[in-house]
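So the structure is just underneath, and the comments pick up after that.
Letters A, B, C and D mark the chains in the order given here, with residues in each chain numbered from 1 onward.
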């Protein structure tokens, strides 16, 4: 997933915002060794060091190189290493080999960050408006990579048989088990959906347009770990009839029988997290499930996944900045809800909507405009942000997207029903 | 693609309809040797013999076995061989190994057909209504397999370096090159879409529901071979910016540079067909293109693919039984249009709509109800029928679906635009 | 495996020999339908039709085209289809796609054979000596393909869930279970080994040279099915310590637990053969085992495989034309031995010798000389001929070779020991 | 490649020897960062940290745990991580995932080494003889891993587009280009070959036995870079006739056109080494070639590869401790020879001998005896040691072995001829 804006929100505090965003990235990697920050655990994930450098390359390339007269690249060899997929920006290192880059070291990359920060903060107030919008875009871009930092670190450490705990567990308030799902009913209606153009958004969130949503009911919370263990116990992973055909093939081929990072010992389920291996909390939202699993669960439960428009309409009036989202570095995980409908934070919610362009969608021109558009096939939309999404990053119109088998993100599921 | 009905249309001529459908399948395989009918050219395709037997197994199992008292299976070993994917009907032979079945022979399979036909026609008038609906369903099911018979035969013969001509070429009337595309404009509106429940339809075509379609313009014809050669000449297959990311990876990995079955010699394009290798006709609709190619072409042309709802609204009032569809066995291929908007026949048209359930969709219960539903991810909807679709089989609400890289069907493209 | 000679044996009966060899190939395919003869069941195997045509292409190309003035090719498109791997003879059809060639039909190929036979028999007596040697070579070449015809047919039919019986079972004399293995001891000595240049041999069988064989003992018979079931029952397929590292990986990856074509039901082992599925005969030599299995068995038995030189020395004085070899078309299989040391027929015996060149080896020049030499890595030598080897084809010096995982040939094992 | 002894040489200086060996490993990793020491660049290679820990695990397990009363494991979780493939020692981490182990860190592993060293040196003089032999074995084992350390580091850094130089280049004396190869002729004779049991050797080097070697000539030096560029210039990599069939498939599939680490710019060849990218030295032995390449070169040159027995006979009387071998950490590479026949050091020489057991070979019992034996198929023997082999490690009887496509070791080629 990558990112590009239309234009930016406030400007008066751009330097502050920039500094704050940059600081969080560094806080996230504070517990990492050079090796931790270097290794790539699978093709879908990137090394922490790469995230740190790539986000810096973005500012250096699109702001400093293009808009700060006389700026000289920190290291001329870095663009080849740290460009992700911008074809217009030239050749780049193969994605699957990012873990080979033991040098520059983590220290070198942090120095790269410091140098770019210094250069950028020196000129930031004098930048033309277009460049300031690119700074703002770069902040949103870095926030996306912060979430990936967290999930990629988690995946890496899960591959270590020692299962190291990177952070202390979150302190938890005792919470009563959530009661049965409540259903929010809605009659058929035409809604305005998508981003309205005020404030920042990625290009794929617009244009705002009308959509017809059918009569339906939306669950007032996501599915819990406790409910998921009932699905497992009922043979959910062994019944072909519950699954999409491709999903069933995936279950068989990969030997899937539980969410990612779960393990059963003596009939008890635990999960691996950035605080090590711990028992699952039956009251918390289930996470690290694929679209295939979400869909099979919904079928088993006699329900279906919501469409992205149903979700967006349902989320109207809820605070996108509320809930369990990422504020500071630490062992984030979905938490039991205190009660009342919640739409933001904890887990990204799989929708039944394929990730496709809205009517009138047109990618931004130029390298920065590469692209949400080019990823618009084979993936499904997720909504709502997660415990690893930097607070302030998500919006009601925000469209995240992944392939149906992917589950290393904090992905969960909310049910819907036809009425 | 497989098939299942809600219920059937007429009944008075059911025996006639049955006999007619069965006869066409046999006419299609008339030029085939035992070997031609046995070999499987790729996992996506099935041997002709398998199509002949599988469609027969459908009638034998769901009609004769279940509804004709005292009926004994023609051969108890056949269900294992000729079940396709109905999990509820038990174990079955691996799809990719269908080409290993040299025995039963083509002659044996034709005898199987004759035996089932005789048994079924004997009882057809006395069958309960539910069974008569299954007969009607089986006819629609067999029509689907007739189309696959044609396209799978074509693929098989294309693998033979001798490029045999199975039928004589169609006699062609000289036709003037089609003029520039005309655009049919439409304001934003709410439409009723999907099958209305009168007459036969597959479950995925309903329920009929309201959908909002945006203001847009729809081309009045599909893209031609002549236009496609301009796309090739302009470097369309070599410009990453035109392609979806997965599509570009496919182009690179497979070395794609033209529609399937095309070949260039001395700057002239030819295509392979059931009448052998012949020059392409620049006035005819382009076919054997993937969704990726259709999408890249649309981007190149400054347009986009229509959604399935835009298409269905555009097709309203057009005769689903008209145009170039399959009437008799022969070397079918798309033909230059005589002029005027045409929506049915020639080529299946890729839409930009992912194949997903309609609001309120619910699969039919039981083995017959396996499933359109389980294929509802990763595929795109095609509309309109092709030159290989038995005339009478297609409808305005008909949803065909394939993966975005598949192109051995008669697939083409119609452009749309935001206005 | 392919073939090339030094020179040929007798000449007076060359026409007879030619006619006899050609007739046996046709007898072997007599029970096949066009489809049976067309399908390719795996990359390692070829369609029967291809064997029939390829061996004919050999005579047409190297004898008629090159030595019969005025000869015109039967069909100019055939060389592309029926060349196997002679790089010097130009481009050829991909090996793994041989099963796509439904046309020419079996009948066409038999007509091709008849035409080439007629042309060749017309000129055979007037051919120059070099061409007569090529005819003789072609006969040996065709004999090799006769063995492959049998084993490839067996593999194809084994892929058919109906498990058809192609021939009646061989009539069997009751034979007493063989007693314990006897050991033929031999002191260290220098032997002359390899072909001596009198009569026909393939290039890889020479030059004849001296080799030192160590003191050792050689079993006087091959391992039986009965002994193999003891290996299975003792957990032989589940004990990593018995296996070569690559062999153990193969067992795990492929889920190997018995020889190819074996199946256990209710604790009883059966095998599939050209006479259908029948109980294994515990007294008969085990067959369809890989080198990995042969080696693991030997380790389990506290023995080892013989080297090819030990085998050849042991076989001295035994009749290469004796034993259970292929005389006429039928459901061949290894038979219990009547007693006494036997070295030829029944099963090819895996040796512990890698297939490498003898000192002084030099491939024949030209296309015909392509090559045994180019296959000299990664394969192991087998000796002795099998029940599917045309009688008269094998010699004491004959070196067959296959990769260590291959087992669709009639392969077995004789033990040896250091003393 | 792993290692096992029969018994050890001297004992009086065992503590010294142990300390010296251990020190060299640490010197080799001195320039590495934690990340450099952690990443695994391919399945065939291991991280430096793993080599450091695995060799330590060997001493801890087979000496301290088994022979030092009261010894407690440094960390009970390490055996799972650092066992390589000793099935008898229990479960172990998957080979291809060794690069995921970012923790323990390099520092932790060095502390592990220090702890085991301290424990072992405390007890070494009081160990029973059998344990002292295991210490000696462990030293030889660690020397093998020192060579792998060098070659695996080289491979890792070659994957970094920045091509870092880890050490300064070796200072080089100007050397005249070597003259044409001289040929050492030898008549057919029976030789004693293999290790004679005096001093240390791995089990696969024996038993000593008689072998007959044919009349032949052996080149008095290995092939040079200069000669190899002539092979390239003559189209050696594009001529199928020079290659083994599997080798040709490998060349095509992998796009091979030069030794590993070579690159051509403006017609000039350079190679990557631990001192960065530098021009090739035409006078130095070619290295980083596969068996396939060595064999194709020999064919091109009208020669062949020597057998391992020819090589061993040729090396008789030469000093196995001489030549360019590893003395201290640094950017080793093959050097131009000062003249006169040389058999040891610079490059491992591919022989034409498949790696198979000698007559009478029997693996050592127990976990330590796992195994050279289990690798005895599909690989070829190399002889002579390389610039990365710790001096003193190689012997005339030493049998190294790799698969024919592998070339990340310092592998080269010496020609032989039949006479």
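What we mean here is this: contacts are C-beta pairs under 8 Å (C-beta built on N, C-alpha and C of every residue); 3 or more make two chains touch, one makes a residue touch a chain.
Just so you know, these numbers come straight off a predicted model, no measurement behind them.
Asks: With centres defined as the mean of C-alpha atoms, identify the chain lying farthest from chain C.
Replies: Result for the farthest chain: A.
Asks: Cα superposition of chain B onto chain C: how big is the rotation, rounded to the nearest 5°?
Replies: My answer is 180 degrees for the C-alpha fit.
Asks: Rounded to the nearest whole Å, what is the centre-to-centre distance of chain B and chain C, using the mean of the C-alpha atoms as each centre?
Replies: That pair's centroid distance is 46 Å.
Asks: Using CA atom averages as chain centres, what separation in Å is found between chain B and chain D?
Replies: 59
Asks: Could you put a whole-Å number on the gap between the CA centroids of chain A and chain B?
Replies: Chain centroid spacing, chain A to chain B, equals 38 Å.
Asks: What residues in chain A touch two or more of the other chains?
Replies: none
Asks: Chain contact graph: line, ring, star, complete or other?
Replies: Looks like a ring, each chain touching just two neighbours.
Asks: Please give the residue numbers of chain D that touch chain A in the complex, ascending.
Replies: Residue list for chain D touching chain A: 33-39, 41, 77, 80-81, 93, 97, 99-106, 156-157, 159-162, 164.
Asks: So in the complex, which bits of chain D are touching chain C?
Replies: 85, 87-88, 188, 190, 209-212, 214, 216, 240-241, 243-248, 291-292, 295, 304, 352-354, 356-357, 359-360, 374-378, 380, 404, 418
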